[in-house]
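You will see subunit A twice below: alongside subunit B first, and alongside subunit C after that.
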Partner chain A sequence: MATKQVKTLKIDGMDISSIQGSSILEVAREHDIYIPTLCFVEGLCAVGSCRLCLVEIEGSGKLLPACTTQIYEGMSVITNSEKLLKYRQMILSLMFAERNHTCAVCVSNGHCDLQAMLQILHMDHIKVPYMFPRLKVDATHDRFVMDHNRCILCSACVRVCDEIEGAHTKDIEGRGIKSNIITDFAQNWGDASSCTTCGKCVQVCPTGALSEKGKAVSEQLKRRSFVSYLKSMREDVL
Partner chain B sequence: MSSKVKLATIWLDGCSGCHMSFLDMDERLIELSERIEYVSGPYIDRKFQDYPEDVDICLVEGSVSNEEDLHKVCIIRERSKKIISFGDCAVTGNVSAMRNIFGPKECLAHSYEELSDEDSIKEPIDIPKLLESVHAVHEVIDVDYFLPGCPPPSDAIFYVINEVLEGREPNPSHLTRFGK
Partner chain C sequence: MSEMKTIHSLEELEELAEVLREEQKSKSRITVCTGVACSSLGSEELAKELSEESKNLENCEVKKVGCKGLCALGVLVEDDKNMYHSLKKDDAKNLLAMMEGTQESSEYILSKDIPFYSKQKKIVLENAGYIDPDSLDDYIAADGYKALFSAISDMERSEVIDEIKKSGLRGRGGGGYPTGLKWSTVEKAIGDQKYVICNADEGDPGAFMDRSVMEADPHRVIEGMAIAAYAVGANKGYLYIRAEYPLAVKRIKLAIKRAEKFGLLGENICGSGFSLKLDVRLGAGAFVCGEETALLSSIEGKRGTPTPRPPYPAESGLWGKPTLINNVETYANIAPIIRNGGDWYAKIGTESSKGTKVFALTGQIKNSGMIEVPMGITLEQIIFEIGGGMALGREFKAVQTGGPSGGCIPRDHLNLEVDYENLKSVGSMMGSGGMIVMDESSKMVEVAKFFMEFCMSESCGKCVPCRVGTVQMYEILKKISKKDGTRKDLALLEELCDVVRNTSLCGLGQSAPNPVVSTLRFFKEEYENLLVESRCHISISKEA
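Right after this comes the complex of A and B.
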């Protein structure tokens, strides 16, 4: 009988113990230690795509994402430092510069995780030049809109569609700067026959990239708590 | 009178909303007026040519979009000690910079030819030429402080001006953000 072992570690100098196999982010959250992230959604696989949760680990020369790094015995983690803040600010700058996030005219203005992150990281401007790419808005679906201008490629929509809904309508095409969210075989969303119109992707999207048609800006609030609920329900049944 | 801090504001490619929000400081303007002399900007009848040589603080609303903006922004940098990017258009380009996705030619053709009732479009005269792309102010000149928001809330404006008056470095991110 294999029982789960308990590991002890330090986070920001605080002695902590948690179950083997937990990620640094999970353990930090258990102890109310805030680590910024835009791609982590409770109940979905962690992929470390946004890089905002990078932390310093004693003895390691590189920064590692807290959401995909498992704890180990004797580990010592720093979640907040001048160095980390600088990296996180640059990451956020690159996200804003890479696409056309014109916050003032966004459906998610006022309830956007990307926008809120500016304030969390004390940022009042973007440190690199904007790229202004020419991107599409896919409004072919009856109920939802995908605005690629506002996408940060966190992949939450891809993961929820695959892991929770089981449809795998969404995926990512291309690499690097050319990466892009697609539906089915890079078709218009309205023509993607595998889409069940469940709307989970819209709810987990941290920005205005996915929105519901016919709703005012003030009504575009996202609800994410259903993910971990659905997942635990399924685990109970299995 | 001469001991007062000289404050100027300037309106480049923006909607004037930031200047409206400045007025929303309401009675706090009276408080400010005891320490500040307003020397240039849209609130008073004074031509830009008369922008003083020794401005202490200048708030810049709007992005740098045409040759006139470029000319003005270079002059205010020479003549002002502290420059504050005032509002999202100045800080990020914002709505003004949405044309960068298409470029000025395509934008002008769509707005003034395709959507026009006129058959022939006259060559514009005596208006400043659009730059190839719209720039945030700090891409063109050195900017000392940033005050984002569309428009920045009056509380944030009041906070930033006061911090600068006190010789402190303002970071208004607790009061405002892009799109606020």
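Right after this comes the complex of A and C.
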């Protein structure tokens, strides 16, 4: 196997070296530099859809997502600036306004990535009007519940079901604001015969959109470390 | 056609072209426009009637051809001497009488000297309206496939690319990326399998250039693709055509079949060992599939959503292989460039934008239709000379170019020379070539709202700013147009424009705010006049 080259770069002025092919986000995490993200799950393909991890790169006018942008020699990344904070706050506002995120009555209250992001980005209000759509709750599955009101369409459940479990039960239907997570052919989850009831989707869901039945709010803490472990297991086998 | 056999060399092709031309010269031709506009006025019936009525005439041939351009004056019919306009489906007898000179025809004759035709320069559309799109003979007689065969037999791959580079041709799909550079990137990319793709997913409201080119001259697109495939080293190609263009799909499919039958496509073209298999893939109605990464996903059979670039398709495209993607009009320019040389093409146009551009002129304009003009022509010449000015005698207000990604250009910029950079400098863009002309009755907030609604419903929903931001912007525009908006709403609208533009994943989202930004730039008072607090101001000024 060819040895991987080492690249040196700057993140927030700090000199850093890392392996070629790594993303900015991976390198930043290695060095304990925090970049906010809601759609990235370690061990799953990065899709760059939540747009919170956008960073500035010196010499490029464009903002680029840290999760899908590979590092290169001499790159200088800025992960935090007034401009980035402003954009991230607006993006988070858009996410909150899109569906019905009512923390007080949510199963993930207190351990929700979306809720936590508000504090991280110093937000005490939403900048755009709420849209209050009428959405369904699918509780037809024996063990799990899908509450579309809490979904931010990060597609982590779709990816884990496809890439790790290999069932591809979940997918996205529709487009634009009408996009929606579905199971099998847009059936009730309880009728989706491809679902193996593994529950990985629940664990990777950043919000209360996917939850387990019969558990108290405080018991709904999500565990995600299994994803990269299972991924490496799969790679070893393959 | 029946005695035609596989063509093996450039000499055979040229001989055949000569024979076909002689054959054509011996006959007089009546060409009937069967573009969509004329068809809807009954040109198909007219053509049928004409061929029946002219059966007894010696050496007369009635041909159904593609769009002749001046859609506003359809049905258009042309014989060897004159062009006739405003015909109806039952005018066959009258028309033949006019052609024989036994009936007064002056009010039907359309002079070719009118600015609509004389100010145009036709390269892409040189055959449109003259050849039968379903006839390979017609195309070959018009020097068709000569460029492909001479490229294969006389030119190295790098020479073809150099010729394109010299021509200065830039992508006609909107972005204006230098075509030669794109080709050489794909050529240099490492991979045993490469693909060429033709993006024919034209979706901008008011744009119909690509459709017309495919319907009027399908072989030209195929020839361009074949030359590209030869140059970059691809042996498989796809035409991604939107399903809403059934006639274009039919004609392209037939053209591929005919070309394959006579050895112009397929295995071992021109005895050179170069092979190319072309296939058609249909879009399922999503505008975003015109974005190249989404288009690739769609061809692969996946959900048509964009993916972040890099990697660019030139390195990792269809099924991870190096892929060349150009749009219809770009490919349609290739054969003439190879035939006449890159220098010839580079003489046309401006410093940064070479050649010609096809525009679809629509809206409140007299001569709506399809035109091809040299780059560097002014908007004023396009709208007032070629277009003939406003349709209803009202005042010109603005012209919208670039579709939902473009902007509105007001009166003050009418002397703007049309090229990629200049259009960008006034907040619009070349886009694929739709040009919607608006008069004083158009309300700019409504225009912005229309395009925002389009972007909102065409967003794929993958990234947050585009999925939710476009809806929020649309809601604000709706509120303002209902006179319920406040200054705060307007400020939020401006902030959203900035966020959606800078944070969206693909070109659709990044350019979605453009119609709002450009109308805010040039027509801000129209927004302000609709705001709640300025209501009393309006009513006072009205009374006074």
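Criterion: the second predicted complex is superposed on the first by the 236 of 238 C-alpha atoms of A that agree within 3 Å, B and C clash if a C-alpha of one lies under 4 Å from a C-alpha of the other, contacts with A are read in each partner's own complex, and residues count from 1 in each chain.
Following the convention adopted for this analysis, a contact is a pair of C-beta atoms (placed from the backbone, for glycine too) under 8 Å apart; a residue touches a chain by one contact, two chains touch by 3 or more.
Just so it is clear, the model here is predicted, and its values are computed rather than measured.
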Original post:
In the superposed arrangement, does A:50 touch subunit B (first), subunit C (second), both or neither?
Top reply: second
**OP:** For A:133, decide between first (touching subunit B), second (touching subunit C), both and neither.
**Re:** first
**OP:** Considering only the touch criterion stated at the top, classify A:98 as touching first (subunit B), second (subunit C), both, or neither.
**Re:** second
Original post:
Once the shared chain is lined up, is A:174 touching subunit B (first), subunit C (second), both, or neither of them?
Top reply: second
**OP:** Using the touch definition from the top, say if A:124 reaches subunit B (first), subunit C (second), both or neither.
**Re:** first
Subject >> subunit A residues touched by each partner, larger count belonging to subunit B or subunit C >> reply: C
**OP:** Could you say whether A:110 touches subunit B, subunit C, both of them, or neither, answering first, second, both or neither?
**Re:** first
**OP:** List the residues of subunit A that touch subunit B in one complex and subunit C in the other.
**Re:** 129
Original post:
Taking the complex as given, what residues does subunit C use to touch subunit A?
Top reply: 286, 288, 303, 307-308, 310, 456-465, 467-472, 475, 492, 495-496, 499, 502-505
**OP:** Note which residues of subunit B are touching subunit A in the complex, please.
**Re:** 85, 88, 91-95, 97-98, 100-102, 133, 136, 138-139, 145-148, 150, 171-174, 177-179
Original post:
For the complex, which residues does subunit A have touching subunit B?
Top reply: 96, 100-106, 109-110, 115-116, 118-119, 122-126, 129-130, 132-134
**OP:** Sort out for me which residues of subunit A touch subunit C in the complex.
**Re:** 47-51, 54, 62-65, 68-70, 87, 90-91, 94-95, 97-98, 127-129, 131, 152-153, 171-172, 174-179
